[in-house]
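Below are two complexes that have chain A in common, paired first with chain B and then with chain C.
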Partner chain A sequence: MNTTTNAATTTIVYDDKTVRRFMIASIIFGLVGMLVGVIAAFQLNFWQMNGKFLEYLTFGYFKSEGVSFLTFGRLRPLHTNAAIFAFVGNMMFAGVYYSTQRLCKCRTASDFLSGLHFWGWQLIIVAAAITLPAGLTRGKEYAELIWPINIAVALIWVVFAINFFWTLARRREPNLYVAIWFYIATIITVAMLYIVNHLSLPTSLTHSYPIFAGVQDALVQWWYGHNAVAFFLTTPILGIMYYFMPKAAGRPVYSYRLSIIHFWALVFIYIWAGPHHLLNTALPHWLQTLGMLFSLMLWAPSWGGMLNGLLTLRGAWDKLRTDPVIKFFAAGVTFYGMATFEGPLMSIKAVNALSHYTDWTIGHVHSGTLGWNGFMAAGMFYWLAPRLWKNKKGADGNSVLWSESWANMHFWIGTVGILLYVASMWVSGIMEGLMLSATNEAGTTLKHGNFVTVTQAKHLMLLFRGFGGLLYLAGFVMLAINIFKTIRMGSPVDASAEVPAEAPEGTDDARGLGLIFRNDPITYSFWVIIFVILWIFLPKGMDIGALVIACGLSAQAIWVFSRNPGRWAELYDSLEKNWVPFTILVFIAAALGGAVQIIPTIIAQKGEYMEDRKQTLYTPLELAGRDLYITEGCYNCHSQMIRMLEGDILRYGKSQLKDKDGNNLDGGYSRIGESIYNHPFQWGSKRTGPDLAREGGLRSDSWHYNHMVDPRSTSDGSIMPSYSWMIDKNTDFKALPGKIAALTRLGVPYEPMNKHEIEQGARSQALKIATDLVASEVELPKDMDDMEDEAEIATALAERQIVAMIAYLQKLGAYENVDEKESSAPAIINPDKKHTVTEPKPGTESE
Partner chain B sequence: MFKDIVTDDGAALQASVAFFVTFSVFLLIIIRAWRARRDDDHVAHLPLEEDSETSHTH
Partner chain C sequence: MSQNLTTPSKKPSVKDGPILREHVFDGIQEFDQKLPNWWLFTFYIAIVFFVGYWVVYYSTDSMQTPTQKIDAKMAAIEGKKNQELVAMMDKLDDQVLLEWSTNSTITSEGKAIYSQYCIACHAPDLNGGVIGRSLIDDHWEYGGKPMQLFNLVLNGSPADGKGFNGQKMQPWKDLLGPEKAAKAVAYVVSKAPHVEK
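Moving on to the complex of A and B:
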């Protein structure tokens, strides 16, 4: 394909077909993902949207209170996964494939791998779209896909990585442009995050348990979850910004030096911030503090990036009025700035106490996804379309978009949509946070004891939110039509370019690898970081020494730098020409934060080390109920974590359960040991419904039965979906021995039980609950109408899912007090142990 | 010492310290970037290179 035109240069043809494919896929899945989002939004206004509406649509022919695969708990994961992995994922791949070839001055290394990447990724999306509504899930947010799909994702990601790095290795341009750094960070870090957070032990082809439990799982999940935002929704889009914004503005990036600082600070700092999703919870304090500190520090590099992007337009502001591409980019970067200002704010413990578990968080996420991701995608698509499909319809015969005014209209509709969305969620979230924790003057009783009062107060705001989303979707439909028309108007074109025939001197020279070890900036950064980490972990006294050394080294580094700044710039220049050492450094920078937080937690926070409370293990039946809770995605509305906050403790802290000696349990806020055996953890991130951490014993079995079948029958005005199919479907008792075996292997200390004991145990516990239900005259499933004998009915009912679910709900909050003992947990890796922590004594806070 | 950040009232103070240190570092860099001329070296211009006109149609 390459034809040498003269000794020095050669003409190559870029692979733009792959770019076109990813772009079209992104638009299609973007539409689907957003539509599902709008439906899920309105489900929180109208519970009938969970399936009952089919009854109206078919004039009563199809009778149902709720359809399992349409309920909120199953659709929300579909929405989030589609938006993140299908919409932004495909958009990112389009941008990466387009810009990398041009920045490397060579065609993507392998057409076969590009094709495999494309089709593999779409297949994964289709598999997700089938399994998620079917209730096949791992029960961890944005990590719901089941293990066979996880493996496929990992494999396809490796295909992408090979194709990308192979292209870098074949490049004809020595310097790696900043966009490429961001792509490198994305590929390396997402692989690391995805693999660690998806480690699980399968119990069947479609089910597995994560290998981490309780607090460990919580930490790993939010290390992943937060950095999915960082390295899937942010870094690749920043790379795209650094490539496409200069292109659209016709001027180079504002400050290349700023982009260097921006990049390294972002990659290093972001990874530490995960625990800000777990503030005021049972997560060890030192981790919460790290999460808060690093989140606050993140503001600076984020705004550095935003300013660099916006200032690139300096001198091209006039285009802002006329060019829709520039409009979308400028607004997208501004929303990025807004979201990255709000994020650190919400990471302050005191603000988080109000904002966490409320709609504020949902609004925050959407200013990022709709404003930043969605608008950057739109800008890029509008720029790419007339270049990937050429026409001659422009004034001077150049290739143009089908309609600029449609693109402008899209911009305005989209902007109004985002503002409506974000503003209504601020109001809703802050109101919700305030109402839920409001008490009387003495602070002894809640002002709004009934949870539904708050649900109903949010109704109007949620309606505005839904319309905001609908507007945004309408704008995106306009984009789809505009691009479709542009495609129809032109024909696909693969661009070509004149490039050097050989890689110029200095590209990936042999000296490269040595660079990592022999260079001042890296050496200083390394030791400063080491001493800061020692400051966290060393015992009192020694830790101050470590801090002093860290400060001293920093001062020395500044001094060395100021003596000869040019030398550091030169060093960086050679690093920039060597992709292998560059990639290794990115990996180290990105891996560090997670390692410092996760490894000590895995070692120190285990069931056998728990000091005040330890979770009572689930019986097999309760475990079956728990797996149903995960299947139905109840965690999308319910948390199981009572924070160390007055409002939380007052509302949710009282325990109705007794210990084995018959004494009432103290309750109060949730302790680390109370969920230590939960694979996966279910602390949740959202309280559309009340917290369920101490639900056990609060309601009768028949209350739960009626509530699950028809929430409105027990809780007037509830928006919880009806789970009426749970009285018809059977529990999978046969799967239980395998599940218990898997959990035992993962370290849950079950007494040895054989298959028979497990199944029998589950059945007899179920029969007891079912017998009571029958006695309390609940409305029985239709197929039991012709059964006469109560015992026969109870036996049949015991098989149903509802019974397992009730067993689980009644167990929530059960724990044993652990006798005071010296913990055998290694203290050095638990900085909370350094001093006696002045926590309230168990129980005193609930008085 | 780190512990003091974690539990004591120091939390608020030291969080602000961390915040303002990073903030000032970046402010400094941004001011420098603002005052410096636009970097117009080879690397920064990479995205601006155009595809050649010899487009390839299928």
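Moving on to the complex of A and C:
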């Protein structure tokens, strides 16, 4: 295959400046992201960390119960965005730019685009760091950034993509190495996910509503959220592993065929698994089932990556003792294996019933991010630093790290930190899951009816977690110092290489789609997948026919392959030599799962098709309150989804609201229709506080007022931050007409209202609440001390955010029973209709 | 995933051991070797499980839907709850609650319940606060007999009641259940000087 032995060569210089820049940015933002994480972690132990600590630090000079931009609800998005997009993002770009040039034997296509990519990305990070603490958010996890920044991200990603694919097109190496496959999957899929999940309708320069609502938004969000983990935190790092691991170990990659199988299986299967974030919720059952079953199928492909990484060390295990780079890589890949075993486990509905909404999930992601991403980053940085900044101070004139023992120390501190973190989250999560669903012997009442009991039981575990995080951060600080010293010791050098002057024969020899159509394995895969999809959707009876055909085709494919395996190997080899067909195939493989799940949901799950319950629309004031709920990031700790589990229903299921005829609402578990007009959905992913789906009517307005100002005055032992500024800041009534107009355009069936009616309606509802609050003798904002007249006070108080917030909280869980639905969605796009929903007759024979 | 299997051309077979591929990428070489059997099996089993689960659920109707399952469970729980409530109502009257209030085992249990659920509003000393009424003053808004207090705790402030500073107590029937509620009331009765006997 290496056919270029006698061809003319030319010398090129690699663009390593871009790599150096991205690497430094990654280290700096890594420090910031981890520091914010540690602060947020301790906020769950000490509510005073939400701003009151400033009072202690300044000896009481700065008076505050809480500072809005330091609260957990705003810092947590900052932490996740910084860790994912700033730390891992920059690290990934450094790795991709370094390895792609060398694997393609050519300099990155455009220095201008590289520069634009770098500076654009850093500008986005800075914008995120300003807007997120300011409370400007879209209210969707890892997709919080406001729409102008979303557009910037999409554009810069396109710049990256152009630069990358242009480099592929100019390569002097016919075959694409497995690392490049993973980079292609990353670039294509992240673009798709990011754009779809960020589709929104702006209402102002800083605010927008996602175009999807309720269950649709939930599905799209977790299709994105899950696959951000897959294609932002996993595939690029696997690519980096495939380049740097064999480089550092000096050993060949364990198995080429394993690379092929686990790559395609990963790209195809990962996408389908998103709904495992929504198990036991109101999400249609068929989607939950797909989410669970595809997660189980994902286990082996994930472990394929781990095997190929770890077994590459065969014959080089001795380096594990001496080389910190190998230590980090081996541990990182091991953590990857651990996290990808735990993931499928937690995707089993019965396990998820315990683990979901608890700290277990937090531990799980951190074994991935700290163990896999963080350690792979550290290994790569330690390997790169002496190569990007040469000092020639090694024994044989090689460049070396400033201190290997510091790197070793970093490894051990980091490892202990992760283990402490993950283990305490296991204990805390499992304990919390068990406590929250524990009942008396008869199963009729909860053992721990007071949520705070559970919060307090976790205190020590959370402290250990924070300490684990602190250790990890300390290790990373050592990395930063080590790299900084290494940089100071040497000077930046751009490597050069002898490469073929012309693209060798066979490079991109089948431009266009021809190769895809003349390819047996692809044709078989295509038809098998088509028939599998038909099996999922076709009506009963016909579906089994489709399944039989799919099985038959698979059998035939295996037979054809086994007769002449070499033929398929040649086909794959030519696919590897043609980046355009390769990329198209990756896109198709990655797009299928999402399309099969999302398109039917968008068509079938709409307000007018709802069968039992339909959400009561928010009044303008309640909508203003909801936007404040999102601004404050309440969804980071409070879910609004009562799952179909006894524990959830016993704890949160009772409704205190009445329907329009004055009858009590049935409540129970949350139904799809109850959040169908929520742009964005707020089902949540973690219950640091209790679920709020049926909060409306449960407590009085003044209880909420006191609770928001000083949570511990109403809930002893609560760790919720004080939201005391909400009694000082005013609600933006003027923005409401624009917001209602936007929601109406998105399909929320508001009665026509003019600007005046909207604002006036909001103000009069606010005044009513405020008047009651004043009558209840709540502690009023300080600036109202001089006011005498109660009506004057009420008018002033009505303007405050707290009133809108209370209006919203009291509306949570309001729905109308649907007597007659307006129309129904076609049954073919809802496989659940296949299941005959007759009541099981007691005493009939069981099969 | 039929597209994926591949073997380098004819002669050397991976069955005989790893083959070092001739292609080198920036110094990186690759072996080609057999996939570990246990790995393949886990993959196959997961695929077979997918097909099997789906067929059993969507083609045989032998499994209940999640809705049927949870509705049946909750109906059973509701039934038991009602039984418990009826049993407790049969057992309790003013006299029994007064007796309970002198039984130190019951009142110490009641105190534990009170301190978990009630003190936020009614204060540790039972003297109330901004949110909840005092339980030791001489005013009972909704009646001061032990059973009246018990019913108040179970069902919350009456819908037409005026509340305390506009605030109403939530019903505790579901969260506490009748037994815990009765014990908490027994504790309150033991402490409140103005309970009507």
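Everything below uses one rule, namely that the second predicted complex is superposed on the first by the 821 of 847 C-alpha atoms of A that agree within 3 Å, B and C clash if a C-alpha of one lies under 4 Å from a C-alpha of the other, contacts with A are read in each partner's own complex, and residues count from 1 in each chain.
The rule is short, and it goes like this: a contact is a pair of C-beta atoms (placed from the backbone, for glycine too) under 8 Å apart; a residue touches a chain by one contact, two chains touch by 3 or more.
This one's a predicted model, so the numbers in the text were calculated from it and none came from an experiment.
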Which of chain B and chain C A:33 touches, first, second, both or neither: neither
Contacts of A:293 with chain B and chain C, given as first, second, both or neither: both
Partner chain(s) touched by A:492 [first = chain B, second = chain C, both, neither]: first
Partner chain in contact with A:120 - chain B first, chain C second, else both or neither: neither
Which superposed partner A:561 touches (first chain B, second chain C, both, neither): second
Partner chain(s) touched by A:699 [first = chain B, second = chain C, both, neither]: second
Contacts of A:528 with chain B and chain C, given as first, second, both or neither: second
Touched partner set for A:301, first chain B, second chain C, both or neither: both
Chain B versus chain C as contact partner of A:13, first or second or both or neither: first
Chain C-contacting residues of chain A that also contact chain B: 99, 102-103, 173, 175, 177-178, 243, 246-247, 252-258, 261, 265, 285-286, 289, 293, 296-297, 299-301, 303-304, 307, 535-536, 540, 543-544, 547, 831-832, 834-835, 837
Chain A-touching residues of chain B, taken from the complex the two chains share: 1-3, 5-7, 11, 14-15, 18-19, 22-23, 25-26, 29-30, 32-34, 36, 38-49, 51-52, 54-58
Residues on chain A engaged by chain B in the complex (per definition of touch): 11, 13-14, 99, 102-103, 173, 175, 177-179, 242-244, 246-247, 250-258, 261, 265, 285-286, 288-289, 292-293, 296-297, 299-301, 303-304, 307-308, 311, 344, 348-349, 390, 491-498, 535-536, 540, 543-544, 547, 576, 831-832, 834-835, 837-838
Complex contacts: residues of chain A adjacent to chain C: 1-2, 99, 102-103, 105, 173, 175, 177-178, 243, 246-247, 252-261, 264-265, 268, 280, 285-286, 289, 293-294, 296-297, 299-301, 303-304, 307, 440, 442-446, 449-450, 453, 519, 521-522, 524-525, 528, 535-536, 540, 543-544, 547, 554, 557-558, 561, 565-566, 568-570, 572, 644-646, 649-651, 654, 656, 668-669, 698-703, 706, 713-716, 772-773, 775-778, 831-832, 834-837, 839-840, 846-847
Complex contacts: residues of chain C adjacent to chain A: 1-10, 14, 18, 20-36, 39-40, 42-43, 46-47, 49-51, 53-55, 57-62, 64-70, 73-74, 77, 80-81, 84, 116-117, 119-121, 130-131, 163, 165-168, 170-171, 174-177, 179-180
